[in-house]
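Think of it as A, B and C in the order they're written, each chain with its own count starting at 1.
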Amino acid sequence: MPTITVDGRRLEVPEGSTLLQALDELGLLMNGVDVPHYCWHPKLSVDGSCRLCQVEIEGVPKLQIACDTPVADGMVVHTTSERVQRAREGVMELLLVNHPLDCPICDQAGECKLQDYAVDYGLDHARTREPRRPGRKRVELGPTIVFDEERCILCRRCVRFCREVPETGELVVENRGDRSRITTFPGTPLDNPYSMNVADVCPVGALTTRDFRFKVRVWDLDEVPGLCTGCSKGCNVHVGVARGAVQRYTPRRNDQVNETWICDEGRLSYREIGAPDRITRPAVRDAEGRMQPVSIARAIERAAERIRAAVLREGPAVVAALASPHATNEDLTELRRLLDGIGTATSGAAVVEGEPDGLLLQAERAGNARGARDLGFGDPGLVFEKIRGGGVRVLLVMGRDLLAEPFLGGTDPLASLDAVILLDTHRSALEQVADVVIPGRMLAEKGGSMTNHAGLVQRVPAALEPAFDAHAEGAVLARLRAALELVLPARSEGAA
Amino acid sequence: MGQTAPHVCGYLTERFSDDAFGSFAGYREAGGYETARHALNRMTPEEVIAVVKSSGLQGRGGASFPAGLKWSFMPTDDEGPSYLVCNADESEPGSFKDRLLMERGPHQLLEGLLIAAWAVGAETTFLYVRGEYAEAASVLARAIGEARAKGVLGPRALGSDFGHDVVLVRGAGAYICGEETGLLESLEGKKGQPRRKPPYPAQRGAFGRPTTVNNVETFCHVPHILKNGADWFRGIGTEQSPGTLLFGVSGHVVRPGLYELPLGTRLDEILFEYAGGVPGGRRVKGVIPGGISTPILPAGLLDVRMANEFLRERHTLLGTGGIMVMDETTCMVRVGCIASGFFRDESCGQCTQCREGTGWLDQLLHRLERGDGSDGDLALLGDVADKMEGGTICSFADAAAWPVQGLLRHFGDEFAGHVSARGCPLDQSFAL
Amino acid sequence: MVSTLVAQAPEATVLSDELRAAIDREIARFPEPRGALLAALRLVQDELGCIAPPTARAVAEIFGLHPAEVLEVLSFYNLFHTEPQGRHEVRVCTNLACSLRGARTLLRELEEHLGIRAGQTTPDGRVTLGHEECLGACGYAPMLRIGDRYHEELDGPAARALVDGLP
């Protein structure tokens, strides 16, 4: 590996990389070695046009752009020399000549690279008194993205993103010189399953998502690492929390998983957390067949009663469980311990599948399908067979995926059971057949680990507390096990 | 057409007044294509390059890069096709020589192309003609047709084992396509935005293949060099800048037009002896020596020989040899306005300094011209120009900054006068 | 709110067989088809007068490009128009060499004479007047072009006569 010296610091860098790539891979870029940049993005092709990343290389007369300069053994680089600072200042001043400087009303304020770099590398006053170039405001480039032309610095990251990642190419720069502007072709809007990433790659406030625009100021946002649970990819996200609710997901870089991207569906899946159809209260069915709200303790007690009665009457084999592929490994481990404690092995996980898109979206549309399988919750076919054959009396259901085709397709097969104990986050037809309903938590509300399709185990903390009385499924299951152990001490398999 | 031949001819243009010279028959009669026949049949590519190298021929498109050296950059171990590109996108304001070379001597150009193609091993030449040059394109199309019909071009060019064809391509109106990598992008059907270098065209040029790009006039010199020898060529012009150049003289002169003269001819000689001086008994105020990108020279500095080694001492360049003359009535702020307006129009818009800087310079200059300037504006103007220079993908931003720097250097007082007079103090100047 | 969502439906112009054949001949001249894009746009514009979005879409289909890529190219070059022009395009060179010899005064005169500003078309659709950067005729200034043809060493009366003579 070549060795280079950057600001007096000797670094071993990957062969064949550019200076910016090397600094990025070493984790030093803007984190120890500051080389500001706009057009360069670690996951897009080199453009070399913003000219901000100029550095001084000993032996080379002109400043060079770090994004397009390959490393060479013995290279000596200066990123803080006066020449470099002057060049940056020059580029920053020119970038701001036509910028509206409307930070107070700009949605990007607080996470704007123009704002940041202007403070760090720019002049402290504007020297232009020319009228600023007017541009189109609030252009709907497509169903998801709004464009403010005046704020655009023409770094063309969005153009390259559309060409290189979803390969849809809706965005182009039309015209030339200072009339250049980002646009779409009439009648062919920016509309692809990854469109909202353009708002993330945009270093300024030119591209914003319709979803997040003006919802909340970013400095009021608490950003907590999280995972998207929409499919088994396990894309890393920042969970943006404000006013006790998740306001957005933005992709969190993980080069092993999702690089810097997330699909639009996954990004918007944060809405499930604050959705109106969340199950918010524990409930049990009364003698008249109506659901009655109860305390969590009472709900667990009822569940324990149902399981205990069935086991005492017909043995543990009549208790079955369907694990949720959306639950964490911790939740599922508790479920496994519970089932082991009862002495039944009848379990599985229903994982809804769809078409993978070749980019991020995986066929399995659940965040922890692999984790569930690894913990022994595999094909649910045997469970369904046993239900249909009358071999199950009590069914513990986590999640509602079993309602989908090609699984049960509905609740009818469950109607004849003694009891369905439902542990879930969102309302569904399962409530109609359930004897006990206990609200669960979404990943962002409890934290924990999930195993992605490739076997990578990723752990994230909780980002917020739900506004209602819901408990992590694992905790509920542990309490249920405790309740059962009171009456079924040391019960082992086959003891019935 | 304004002229069928230059006011003063040299070896390039001596037969241009003869209409027949533009036809295949007429060109053959004048001995045309014999040099190419000799080169293709009796010389190796290395020998051709050696002659062109030792002739000292420099590119005539503005950058004055040694042509033979450029040709030698082509890889010799490459298996696939490689290309020659003729840059006929003449667009530098003040420059109008290539148009005449194409319209009046198309076969001379084709012969130069054929010899160069042999030297660099190119299977095809793309002749990229400026979109507005309809007449030149039609003359060249006819000449290419004749050359194919007569076996000059084709699978056995001039009876040799070398197969070659020339493909005529027309631009669509963009100055930046005169920059060689902007031209290559345009040739590939894209916006003419210059490429980052490296890779250089000799490594990855047109359609990803090794490519040599030269200007029309550069190729036109080649048959004469091969025919008469490198020493003959070196005997014309200066030691460092041999050969003739087709100087274009325009603006406030009695006899505007083209003059084929040896490099190193004195600027004041061209202006006063050849072009008849300034009309109406007025005095000259300034001269742009090599197209609008090159910094202006004031009246006192015109005793300079027209070759880079001398012009550089006066902070300017030969460029394309497009000499623009301004008399004493001329407002130099307006000259700046026209230059900046041009560069603002024509910037491709990729690099920050160029896209934003050309517009800012243009606004500043127009404000000064209107009488809206302030004392700080002159320093700001110079500073913006300095910030644009040297940091972009191609040299367009430099070319936009140089004229402003030149005007400030020599006519700073006049610029300051526009501030103090709150407008243009020159009432006889050309209109903006 | 400027919305592209409700813009016209994606409709492509049907190009004539002759035009298609001419474009195919251009494509055959290049190592890669896309090299012929500028030539194709020129052919299409010569035939249809301008390259409106449905036409750009048709060209994009021929070249297998996203229509936005065609838009990007055609908006970069001066000689392509997305909107109809007058029957005659009169463009006065206003760069330095021509301006030193009165080109801008000449353009003002033509504006007055035609009753339109540079960039506009006469109401009868006869003439589109415009200015242009250097056309490479600096020694024969001032000059203008009408369509493809250059007219050099002009003065006001000569320019007016030229324009008046246009059918």
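As a working rule, contacts are C-beta pairs under 8 Å (C-beta built on N, C-alpha and C of every residue); 3 or more make two chains touch, one makes a residue touch a chain.
Keep in mind that this is a model prediction, so the values were computed, not measured.
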**Request:** When you average C-alpha coordinates per chain, which one falls nearest the overall C-alpha average? Tell me, please.
**Result:** C
**Request:** If you tally contacting C-beta pairs, which comes out ahead, A-B or A-C? Let me know.
**Result:** A-B
**Item:** Gap in Å, rounded to a whole number, between the CA centres of chain C and chain B
**Value:** 25
**Asked** Between chain A and chain C, what is the separation of their C-alpha centroids in Å?
**Response** 49
**Prompt:** Just how far, in Å, is the C-alpha centre of chain B from the one of chain A?
**Reply:** 56
**Message:** I need the residues of chain C touching at least two other chains; which ones are they?
**Reply:** 72, 76
**Prompt:** When you check chain B against every other chain, which residues touch at least two of them?
**Reply:** 174, 191, 345-346, 348
**Asked** Can you list the residues of chain A that touch 2 or more other chains?
**Response** 173, 175-176
**Item:** Residues of chain B defined as touching chain C within the complex
**Value:** 1-3, 81, 90-96, 98-99, 124, 130-135, 167, 169-175, 186-192, 206-207, 209, 248-252, 256-258, 288, 292, 322, 324-326, 330, 334-335, 338-339, 342, 345-346, 348, 430-432
**Asked** For chain A, which residues count as touching chain B in their complex?
**Response** 46, 48-52, 54, 62-63, 68, 87, 90-91, 93-95, 97-98, 127-128, 130-131, 133, 153-154, 173, 175-180
**Residues of chain C defined as touching chain B within the complex** = 29-32, 34-39, 41-42, 63, 72-73, 76-80, 94-97, 99-102, 104-105, 108, 132-141, 145, 148-150, 152-153
**Item:** Residues of chain C touching chain A in the complex
**Value:** 1-5, 7-11, 53, 56-57, 66-72, 75-76
**Prompt:** Where on chain A does chain C make contact in their complex?
**Reply:** 136-143, 168-176, 183-189
